[in-house]
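Below you'll find a set of structures to go through.
Each of the two complexes below includes chain A, the first together with chain B, the second together with chain C.
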Partner chain A sequence: MTATKKRSWTEAVRERAVGALPPEKLLPDSQPSYMSSWIYIFGVLSLGSLVVIIASGSILSLKGPQWWHFTGIGHFFNSIHLWSVELFFFFMAIHLWGKYWMAAWRGGRARVWMTGVVCFVVAIPCALTGYVSQQNFDAQWISTQAKDAMNAAGIGAFFNLTNFGQMYSVHVLLLPLAVVAIVVAHILLVRKHGIVPPIPLAGVGEGRSLAGAGDSPAGPAGHESGSGSGLPASGDGSMKTPGSGSGDDREPGPDPAGSPT
Partner chain B sequence: MSRESRRAEDDAARTWTGAYKPYDILKEATIALGVVIALVVVLTILFSSPDDPPSTVQSWSHADPVDFVTTATTELDGSSTTGSYGPPYNHASSGQHIAFIHLAKWLGVSHPINTAQDFVLAPLRSLTNQPVLQRAVSSYEAAPVKSQTAWTSAYETALAKASATPSGSITVKAGDYGPLPTMMGSLLTFAQSGGLDGALLTSRRFYQTDYTKPLLFMADGGVLTSRAQQQHLLGEQWGLMNETGSYPGQVWLWLYTFWYQIKPFSTSANADILVMAVMGVMTLALLLIPFIPGLRDIPRRIPIYRLIWRDHYRTLPPPRGDDTPAQRPIPT
Partner chain C sequence: MTAAVFNLNHPANTVHWHFFTMSVANVVVIIVMLVVFAAAVLLPFPGHGRRRGNR
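Moving on, here comes the complex of A and B:
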């Protein structure tokens, strides 16, 4: 008779989490050499804006919804909150477009794309509930106008834009919680799958023709080598992979213009 | 692109086996946060944020007593926007729909509002120390519907030519309006004193956070609309995506607002549900792009990716065979 040790739930979750996201993936100290464009900074700028939104929103909620109308410092933090929201959407829109033109869902990254879209979509009512919680004329006008679309779609039955109490609590707790949860999921998925590699050019390089396969006669034929991604990032064809050596002997790669590091 | 080549590309894109370079993710995040904070502070110092004071029933009744009384009369006979709205406020109509889909009707009346009772009669009944007014209200309530309708119709016609006096009351041409002049005169005085703002909020509880009734009452009149027009906020002025002053507002709602500017949406009685449906379908399409043939292929056909990864492509060995311009990375 052999006694097999039964794994606890905690062990199973830990093993699965560490298996999916080992520390070197979660907090990487190297990045693929193709990450060299300004477009890459808009994801982290969106994240930075979200941090400022939450910090300024926390200060505003600590002091209550009336505070910012009657004090200079309150109005200052309201302005911080407003502009960080504007920047958040601005950065997020550019990030989204950038990822679209990279076809960033390739290589099993559909969930990364979808969580990004969901984040954008959930952020919209999050902002809307903020606008209707302002207790000023903007709040009056926007709530009385936007209610019609909510009511027509049946959403108004349980989401009343003219009910300040409901909108305020949804704005300061429920929707921010949803946005943060989706952003966390999005980031973890990005870390798990890595940044999407470039779309291969038809017929360029050794055994790495994939892109434009439908457009170019060279197309799929170039994939004959079947060498995985087969995309050497170095001019001499050498491949340096994470952990293949110290940072000093890694492929220098192009200037990381996309990274403020 | 064939299914096989797509699968091959997908497999190839799963794991990067090429070169890596040093990267400090925490340093990058910290610098990005610093840049955002600096930008936000600069924008705050330069532009601040709008905070136009809200309208009140009191300010409205002082500024435009004729509009206030006209609106109150339409609330009394149920011909106001709210009075004839339908779900979720009342059963006056079935609400907007698409074909056989009546979402508003199906979800029912969740915030019941009887405009006559809630906006006019109940506030007037709360003024118990005015016996003449209470008799007028009783007289109105006891009258047949036909008489009530005749009074309100005649009164609304007369109000179209009414004028306000310097003291804030209104002058209406003499006519058979039943008890309405007494009722509306008292309601106007009550509103101008600020009492109606409170009366419209009253529930059985001390604390109030639901402003549905006063907001809908004001929205039925012209007080919000006239301010919104001055501030370029009307629907035909791209409406709620703007905010007061020269601030960007909710620019991310541009596409949603866009549909209201064109036919058939701009002229449809079901515009809101139609626009919501269009936006719902478009949002779903955006979400599912990775699985939608055509949409997912556009990035390959419009090679913006060559700009994004131009540094990478420059490092690749030259193509085999003919080196046609279409196969070369774009020059920078």
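Moving on, here comes the complex of A and C:
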């Protein structure tokens, strides 16, 4: 009779984490060749904007409203914070369109899609609480208008948009934490399941699509279309990717023609 | 203090079309987003043709 060694919880967590995301998946040194398209850059552009938002917002929170309203450098960081938010939503919306039209939830990527949707939804009140935390007439106007909208929607009892302290706390702590946590989950899920391949086009060649389906034993690996985008140019949107629509976790294997990142 | 590039000292211009009402600034941003999206889909990615030729 052999004595079984009791596993510690840290060991169990480590084994589960490494099993789900081995280092070569977490930090890959190449990406599939179908990523050679501009449509694939809007996720990382959104991420870059978020980094600037967090950095500029941290400086604003350290210095306070007097600084951002009455000093030149304060105006500068205020503007950096505003425009990085504008760009964040700009890039995130285009990222959303691109992923919607390439049905990015295929191949067991439902959680990747849903974390992206939730991130978008949580980012909206994060921006709203920022607009009402400016401490100027613009903030007053927005908060009184938004208050009516919240009351009309039946959720006005849970928070007070005209309360600067409450809105500022929510804006600089709770919602940014939520957005960052969701973005981290989103990126880890993308690493786990891989970047979604283009949709193969139906009726193009013999078992071959314009998007290069059949180039890789595990799924479409590269573009043959002129545009090089991940979107189908025609066809009925039928999916030939292994695991598509089945809800399983299978995904395209490493692309032999992968391009270095 | 330097003046804004555009004169902002007036109420926002809006686009009205039946039930649809939106500020011109928002309409411009949406059009720019659509243009950027179309460009991202249609424009070739640098180095894409070279890698394809090597395969």
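The rule we apply is simple: the second predicted complex is superposed on the first by the 202 of 261 C-alpha atoms of A that agree within 3 Å, B and C clash if a C-alpha of one lies under 4 Å from a C-alpha of the other, contacts with A are read in each partner's own complex, and residues count from 1 in each chain.
We adopt the following convention: a residue touches a chain if its C-beta (ideal position, glycine included) is under 8 Å from a C-beta of that chain, and two chains touch if they have at least 3 such contacts.
Because the structure is predicted, anything quoted here is derived from the model rather than measured.
In the superposition on chain A, A:165 makes contact with chain B only, not with chain C.
By the touch criterion defined above, A:76 lies against chain B but remains apart from chain C after alignment on the C-alpha atoms of chain A.
By the touch criterion defined above, A:29 lies against chain B but remains apart from chain C after alignment on the C-alpha atoms of chain A. By the touch criterion defined above, A:94 reaches chain C but does not reach chain B.
In the superposed model, A:15 lies in contact with neither chain B nor chain C. Legend: residue contacts after superposition of the two complexes on their common chain; A:41 is shown touching both chain B and chain C.
In the superposition on chain A, contact of A:52 is made with chain B only, not with chain C. Comparing chain B with chain C, the partner in contact with more residues of chain A is B. 33, 36-37, 39, 41, 93, 98, 215, 223, 228-229, 231, 257, 259 are the residues of chain A that lie in the contact sets of both chain B and chain C, per the superposition on chain A.
Chain C makes touch with chain A in their complex at residues 29, 33, 36-37, 39-45, 47-48, 51-52, 54-55. By the touch rule above, chain B contacts chain A in their complex via residues 1-2, 4-6, 8-29, 31-33, 35-37, 39-41, 43-44, 47-55, 85, 87-88, 95-96, 103-104, 106-108, 110-111, 209-212, 215-216, 218-219, 224, 227-228, 231, 233, 235, 239-240, 243-244, 247-248, 250-253, 270, 272-273, 275-276, 283, 286-291, 296-297, 299-321, 326-329.
Looking at the complex, you find that chain A touches chain C at residues 33, 36-39, 41-42, 90, 93-94, 97-98, 215, 222-224, 226-229, 231, 257, 259.
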